[in-house]
Amino acid sequence: MFMRVDQLQAELPAPKRRDPNAAAALQELLGGKYGEMSTLGNYMFQSFNFRSKDKLKPFYSLVASITAEELGHVELVSNGVAMLNNGPDDDGDTGDGGDISGAPFEDMKDIRLAAAFLSGGGGAAPINSNGASWNNDFITSTGNVVVDLLHNFHLECGARLHKLRVYETLTDPTGREVCGYLLVRGSVHAHAYALALKKITGVEIEKFLPTPNIDLSKIPESQKYLAEGSHRRLYTWSPKDYREIAGLWGNGEQALPGDPPGELEVVEGMPDGGKIHQLTGVPSAFTPDYAPEEMFEIARKLTKKAR
Amino acid sequence: MFMRVDQLQAELPAPKRRDPNAAAALQELLGGKYGEMSTLGNYMFQSFNFRSKDKLKPFYSLVASITAEELGHVELVSNGVAMLNNGPDDDGDTGDGGDISGAPFEDMKDIRLAAAFLSGGGGAAPINSNGASWNNDFITSTGNVVVDLLHNFHLECGARLHKLRVYETLTDPTGREVCGYLLVRGSVHAHAYALALKKITGVEIEKFLPTPNIDLSKIPESQKYLAEGSHRRLYTWSPKDYREIAGLWGNGEQALPGDPPGELEVVEGMPDGGKIHQLTGVPSAFTPDYAPEEMFEIARKLTKKAR
Amino acid sequence: MFMRVDQLQAELPAPKRRDPNAAAALQELLGGKYGEMSTLGNYMFQSFNFRSKDKLKPFYSLVASITAEELGHVELVSNGVAMLNNGPDDDGDTGDGGDISGAPFEDMKDIRLAAAFLSGGGGAAPINSNGASWNNDFITSTGNVVVDLLHNFHLECGARLHKLRVYETLTDPTGREVCGYLLVRGSVHAHAYALALKKITGVEIEKFLPTPNIDLSKIPESQKYLAEGSHRRLYTWSPKDYREIAGLWGNGEQALPGDPPGELEVVEGMPDGGKIHQLTGVPSAFTPDYAPEEMFEIARKLTKKAR
Amino acid sequence: MFMRVDQLQAELPAPKRRDPNAAAALQELLGGKYGEMSTLGNYMFQSFNFRSKDKLKPFYSLVASITAEELGHVELVSNGVAMLNNGPDDDGDTGDGGDISGAPFEDMKDIRLAAAFLSGGGGAAPINSNGASWNNDFITSTGNVVVDLLHNFHLECGARLHKLRVYETLTDPTGREVCGYLLVRGSVHAHAYALALKKITGVEIEKFLPTPNIDLSKIPESQKYLAEGSHRRLYTWSPKDYREIAGLWGNGEQALPGDPPGELEVVEGMPDGGKIHQLTGVPSAFTPDYAPEEMFEIARKLTKKAR
Amino acid sequence: MFMRVDQLQAELPAPKRRDPNAAAALQELLGGKYGEMSTLGNYMFQSFNFRSKDKLKPFYSLVASITAEELGHVELVSNGVAMLNNGPDDDGDTGDGGDISGAPFEDMKDIRLAAAFLSGGGGAAPINSNGASWNNDFITSTGNVVVDLLHNFHLECGARLHKLRVYETLTDPTGREVCGYLLVRGSVHAHAYALALKKITGVEIEKFLPTPNIDLSKIPESQKYLAEGSHRRLYTWSPKDYREIAGLWGNGEQALPGDPPGELEVVEGMPDGGKIHQLTGVPSAFTPDYAPEEMFEIARKLTKKAR
Amino acid sequence: MFMRVDQLQAELPAPKRRDPNAAAALQELLGGKYGEMSTLGNYMFQSFNFRSKDKLKPFYSLVASITAEELGHVELVSNGVAMLNNGPDDDGDTGDGGDISGAPFEDMKDIRLAAAFLSGGGGAAPINSNGASWNNDFITSTGNVVVDLLHNFHLECGARLHKLRVYETLTDPTGREVCGYLLVRGSVHAHAYALALKKITGVEIEKFLPTPNIDLSKIPESQKYLAEGSHRRLYTWSPKDYREIAGLWGNGEQALPGDPPGELEVVEGMPDGGKIHQLTGVPSAFTPDYAPEEMFEIARKLTKKAR
């Protein structure tokens, strides 16, 4: 079972301008082969299909708990995409759409993924940066622990490469923050899968890291997360389950050489989250539509009743 | 952000026999157009993309909190699929695969979705009962609250029809329990979206329910959930967020006519869950593989360390 | 613009038994690469995209008018699929679904394309015999008349091969009649595209026919259509347009050597159609559902009002 | 069976300039989830698969007859796409392609959907505005009348939102006219499905309309169609069938509040159509190719023969 | 550039009976995520896209030369599929199709992937065992040597698991020979990619092998290939290029522990191949069709002329 | 079996500038319906599935040998794509990526197919110019020789049209050379399939050529290949097999009317190839990554060892 908390894993700065092509680039990290829907889908189905869960508790718990974190990554990237598609909020969600006969969204027909506006109203969707859909082909869930973990390790390395390249195309702080945060957390996952594989096979596969061969110290947006030790922490993402991951992460194992030094540690529960950005409606795009003020008033009354 | 609890929303009885075609039927409820990946995907992306979240708190909270429940539905159906593919556990996960030269899985080449065994080792995957992948085409997230809620209401009605038909093909208790439970919870969601739409538009759209026109009293496997009042409860699936759904669900609103009577109520948090079935490995199918006993021993030691 | 007439191009005999795998085979002729959705899609989009329509009237008219016939082919195959999925009608659409707790459709989980029942309730869908969807990849519409006509000629030859093979798998009269009829009409289309190409290039490409190399005299179900001269007739499928196809079809051109001899002729409008089979609802499958008798009564009253 | 008339449902003004990105935006209304291929595909297959057709005549006739109209919508949008890709006609279809060695179509490599030129020669295709193919995933045909009609109602509401957004991106009169016309006719369909559902369930679901919440009076291009009463008319699109739709549409039912008032009426047959735009060939793009003048001369002679 | 030799990499024993479901299982090894189309596609595009080819000669040569071998693997599996679909040859390709009116292929409508017969006439296609198409989603070609090689290593491990499972479902000698051969050669590739990675990173990743954890000594059909030392040989698959792979394979490196011991060696060129099975035509399935004897006679004369 | 030679079929001039949209246009010739992956896939699977190979030696050999050439076409187009994505080499593959915090690839988020950079690092992939994946739908392999050859003839004509249009969009010499070369070789294939069909059916289908109706004399980049007689040569692409194609190509058959005159001839083996362009790594894009100089040094040592 899953629970939800109305926060983001990292607070995203507001975008400085509407940049749908930046949003489209970020989509690669959402619905691409090496995007967050893929890490989510792989770990989620692997955890459902995991064999001999009790006997392999630390390994099962690793895959199961990271699943919950990946959900938050999907959420984070999606928020980034929607924010970049929307641009700076100007509290414009009141009033009706006004006169729409003058092609108010003419510029939207030239953006890279026009359906993001035409169909999604500026929202995120599980597609990659070329508009191709995420699908089952991106999932490996064989039931063989070694094959699956090896796949996951390769997936995190590939994901890191994709995050770096997307980052290199972005100038807006919103998307850069998404990348800066995910690079830190993705490194943790790669490291964790490496340690899990090492426990089983004895192979020091963590020595592949970092792949690509660039330290996170080079990414300004990652520094605050490194400073708080995020790269050394694995969360259980659970009120009381999955603590067995401490068998893999911790016990004297250390941070990767290029990162700020320190011992790896398991934290029960989850990190403090950041505020979810208000995504202001755009009446002329029919979001959220109906007579907005009337709908807001209805919502206000219902909220009062709910207390 | 999301958290995970190592339990299923409903405890599933062990399958009486291995029935991969029953598992394949159940896949329709996982990866089909009206399956749980679709309800999850729609609500998840709608909640990410929701406009004017604060001003529309009860509506946003409804979509956001049900997202968490749908994750558990995906988990439940997936467990059902894997259990039916696996059959009764016989604690056979020790020893090596033995002599595999005698085509020990000859029968697997005649099952409807052979890749479930050949690739998935008997696990679940986000595909429908014909083996076609779930994908972005199943998602509607327009940012228009009325269109999205109307879509969701139709989706839950369609999902109910699909659940009923899958149920009608199953004899094994595992799959039937999945359907019996989901029929109750799906009704709650359809009801909730109907009430949300009614608050905005005044249209008594809940009168469409139940669609299809059959009372849950006809489904033996649903009775225990009706008896405990599950059909009247909406959970927040959160430690402390999303309480505003009480503006839509409750306040004197009553259970649907064909269901056991009573007032609708919001429950903070989530229901008691059931045990996740141990999915015993099958050495001859290379699950979980490596030298199993050795890997179990490694896991045992790591678990001890973790305490 | 298009009009519709509530008849089938050929009257289909009722199926003798429910045969979902026969229906699945027939799906190849509906949604496969060489199925009717493909002939429809190709000619429809080619006719929309046709360049210099007035200056190339006979060629444009050929593609445009056959489009209308292909719509009827899609309809015919779809009816065949639904009839085979349904089996003999037993006027069972009254009453409610009764007790569905005994897995009344257990056999449906073993049919080749289970979603045909689980999702489609026994209806047809634009997929092939393996369950893969029809899509844009099957369309060639280049705007180059020679390339497009050559494609169409090849398409009809390939379609003939597929029809023959599907025919060879069917024992039920419903599906066989579909094939017997389509083989005759498909031959007409192949012949017509060949003549069109010959007019432009001088190449006697009609000498490829029949491909595969089997005379329709070998197909019992085709005889009645040959006897009435269907193989020599091209319809305009229009009240008054597309008569220019007579420039290509007729003018002394003769039936193909292996077919009953005679001159090719253009017929304005369309042939007499056959009755559409009543597809009786199945209450336990929730078709057409609601309280059926009540809904029938509502419909009866509305029908009376409509007069 | 279907017939075809060589006219468009609405006459489209010639484009003022070649605008492939506008054509690409319009593709959302052709091959998108809420585009005309979807409305066509849903109603077409629902009508083929419709259960108990005779007993449910008004409902069956509604779905069956609108299918024919949707074909014309697919045709209309396709014409719009091709016209925008082509730009103003300059009767340039004579002569050969001339010297093509100077990259005469260099600008085509920068348009959003380059395959529209490279493969389609500027024609329309069943894809959405991101280039993703239309497919079976967009079809709901369950055989359950309530579920299918509810789906259709939601589909038309969603389609209206998409039409509005596409309209908001277009400056060229061709594409705007397509939207203006379709908005009126789409409203009719939404209204008709709402009335059908109301007859069965009693729910006044038509009160959802208009969704999105904007009157057609705000769309200049819709005015001429409103003025002639198109919003109050449902056509049978048939020489003599489907008259039973008058049980649902008419009988004192009125136009929607925001539209010009008046009683709903059924019109047998179809509306007067408009001229289909000549889509002039472009020799340098090899449309229609061969030696054009020679081919035109051949066609001229064949046309003469046909008379 | 590529050359072709009219032989198979391994000679396949004739099938004992027609077994389309065995052919369908084998399709997983052709068009599945871990099938030969994937290994081919990955290495082929990686070799085309390889950066700094000269400076990284041994690594480039490894990927480039294995590409050629994978082509032969695709060929081998395809031959296996076609042979199993066809069954024992009975030299039945003469004569015409005879009377086909008695549903001579009725059994073909019940096979798992009916399109294999209906469309492919019993041939192989790039689809997996569920009939889903191979596609670009299965390719990783990032231009980063470490990421790509790591992907390839994981791919070969996963492929080995899939081969083992397919093998476990097959009783016919044709399919088993395919698996027995590919298991040996796949191990070579996994080993080679491991050594390449070790040279760059120092990580002894070859210690993961064999994954799954079963020695090839357990597979009777692999013994002849092990006996001839195939597991120790890497071919250049080229008349004179790619010799630099000897920098990675050889130089004292040894066979994997569970395999027959010996030094790894590079062989220039390619191994002796086996005869390609004659795939006898089936006139009643219209293969190869036309009047077969006449076509054979034409071919005989043309062959004579060619000398 | 296949062998590989480390050369391109034609030497490509270096690109004058980085032009990812030109690369994207070229992708239509790689992964589009009428691209080289399609010609490769069709002939490859047709050759595997070919019936009665011995009795139809010249026809089988034609399809089998052209398969090898098509592999080289896929290679050629892929090289062209990668070169255009990369731009002029500046030997920049040494050093690390430097400071990447300044969005060094900002322009990459605006290219038509952004995933080409984000995921592929500038490499080619089996997708079309809209980013849609190549797949099994593009393959026709029926086992019927006439249908398959007719398909192939149409495919080559369609491919020629696509090549011409792509050519018309390109200004850079790299992509133009790819087109100029492929136009010559594609004509040979169309001609060869025409002659094969003529031998069987007697129809002079080669008279369709050239389609589209433009002589290669109009394409400057084709002249050098015409001058050396490439349009009259069919290679066996094999050390000693497939010589029977001389029964179809040669024997007095002449070049097509619009091409330089001369007799058709079969050449054993393959043509002289051109140098493969060094595709310099880009450290800031993490190609080839690791510490490049160190990796180059490792490779240098391994290369030395290999000798």
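Labels for the chains are A, B, C, D, E and F, by order of writing; each one numbers its residues from 1.
FYI, contacts are C-beta pairs under 8 Å (C-beta built on N, C-alpha and C of every residue); 3 or more make two chains touch, one makes a residue touch a chain.
Since this is a predicted model, take the numbers as computed values, not measurements.
Annotation of chain C and chain D: jointly contacted by B, F, touch as defined at the top. Homomeric contact chain A/chain B is classed as same-residue, with over half of its interface positions used by both copies. Centroid analysis (C-alpha atoms only) places C farthest from chain A.
Each chain gets a centre from the mean of its Cα atoms; the one farthest from the centre of chain F is B. Averaging C-alpha coordinates per chain places the centre of chain E 23 Å away from that of chain F. Note: centroid distance chain B to chain D, computed from Cα atoms, is 38 Å. Here the spacing of chain A and chain F, counted between their Cα centres, is 39 Å. In chain E, the residues that touch at least two other chains are 33, 112, 119, 121, 127, 131-133, 135, 137, 142, 144, 146-147, 161, 201, 211-213, 285-286, 289-290. Every pair of chains that touch is listed here: A-B, A-D, A-E, A-F, B-C, B-D, B-E, C-D, C-E, C-F, D-F, E-F. Against chain D, the residues of chain F that register as touching in their complex are 21-22, 24-25, 28, 32-34, 112, 128-132, 161-162, 164-171, 211-214, 218-220. By the touch criterion stated above, chain B contacts chain D in their complex at residues 33, 132, 135, 137-138, 140, 142, 144, 146-147, 150-151, 153-154, 157-158, 161, 197, 201-205, 207-208, 211-213. By the touch criterion given at the top, residues 1-9, 31, 41, 44-46, 48-59, 64-65, 67-68, 71-72, 74-75, 78-79, 82, 93, 119-127, 133-137, 139, 141-147, 199-201, 237-248, 250-251, 266, 269-270, 273, 276, 278-282, 285-290, 292, 295-296, 298-307 of chain A touch chain B in their complex. Looking at the complex, you find that chain E touches chain C at residues 96-97, 99-101, 103-110, 112-115, 117-119, 121, 127, 131-133, 284-286, 289-291.
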